[in-house]
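Okay, handing you the structure first.
Labels run A, B, C and D following the written order; every chain starts at residue 1.
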């Protein structure tokens, strides 16, 4: 017997090959993360070259902002895909349980971003 | 034609006039907001009595945290109710459009909280 | 024997009657906090009147922003007054210890705001 | 005329060419930033391997937290070094102006982190 989430994931895996919300924009996410990785490397270079603390903090704030944009994108696609996907489960009891699980999971993830 | 579940959801929508996700927990939200209002008044009193800045900042951080908890609760109920509700729209074209709108709207609201 | 912070506080208390950084702007802070208190009451009213969750979340984000502005103001005046004040302590050993204590205390407060 | 302490501070300023607060902990900062860079690369790998969105969001939240810790460290050393350093400027008019500038600059940087 599966938990609702396992069932939901397997259904998604079997039916939709690109199975997560973000998969359609995968290349764009990879480019953004590559750029963020470069920004973090740039901050390390600034520390190494004894740059002024305030200028380093400005770059840290820019990375925070770029990461926020990535996470909001993932949240949007997660809600639009995985949460809404749970709502199309035909068995009403399983549907209610799956939706609750997915919504709780998404909200917990958002809560970790807010902190 | 509706499935029995879809009919049930639409009946529920028609019957529960106060239709938002948070309505079931309205009293709890009102109590939490009352408490936050009292915390803000307490901060004003600390300023008025020239309390130490750090102690005031600690109270401000506590209000931030309490507001975060309220907003996460609202986000959870919004996703579970309004977004998932959009997924029960029977007309597929209208459903897709409604879901997109609701998901974008929820993500924008989360984005304003993250900032 | 006093701890450095107790000594610093007592010196400040004795010499500068308006002893915290924010005291000069006390009226402005009280007005801003009064307005925030009203905003929180407005959110409670929206919940009570079953307003749309997204509109409530927008108001919560506005309160967050207003609180951030208040806390940044307090941080600025705390650093400019209490931390810099510690730097004017004449005994070098006590000065170093007081500065360390004040800086750590301010950073911890900022850390609680960041979370 | 300087007090001996003031003279000592100025000598220290002249001798330590890389004069920022974080310089003493440079290696530790470089290690932490290296680790964060690796975490960002790990997130890109998760996206590339179509990992579950919630697990990716959890990793993004961990990077946010690690960056917050780095920025708090920089803020602490900036206040303790550059802001307090401004307070040792012997000319009182220039000192007041320098302190104001440094405190404003630090607060603006903290404000960018809060957003």
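Simple rule for what comes next: contacts are C-beta pairs under 8 Å (C-beta built on N, C-alpha and C of every residue); 3 or more make two chains touch, one makes a residue touch a chain.
In this text, all values refer to a predicted model and were calculated from it rather than measured experimentally.
When the partners of subunit A are compared with those of subunit B, no chain appears in both lists. Distance between Cα centroids is largest for the pairing of subunit B with D. Centres computed as Cα averages put subunit C at a distance of 21 Å from subunit D.
Look at where the CA atoms of subunit A average out and do the same for subunit C: the two points lie 34 Å apart.
Note: centroid distance subunit B to subunit C, computed from Cα atoms, is 28 Å.
Along subunit D, residues 71, 75, 106, 113, 115 each make contact with two or more other chains. Interchain contacts close the chains into one ring where each touches exactly two others, per the touch definition above.
Every pair of chains in contact is given here: A-B, A-D, B-C, C-D. Contact residues of subunit D toward subunit C in the complex are 3, 5, 68, 71-72, 75-76, 79-80, 83-84, 86-88, 99-100, 103-104, 106-107, 110-111, 113-115. Residues 18-23, 26, 29-30, 33-34, 36-37, 40-41, 43-44, 47-48, 50-54, 56-58, 60-61, 63-65, 67, 70-71, 74-75, 77-78, 82, 105-106, 109, 112-113, 115 of subunit B are the ones that touch subunit C when the two sit in their complex.
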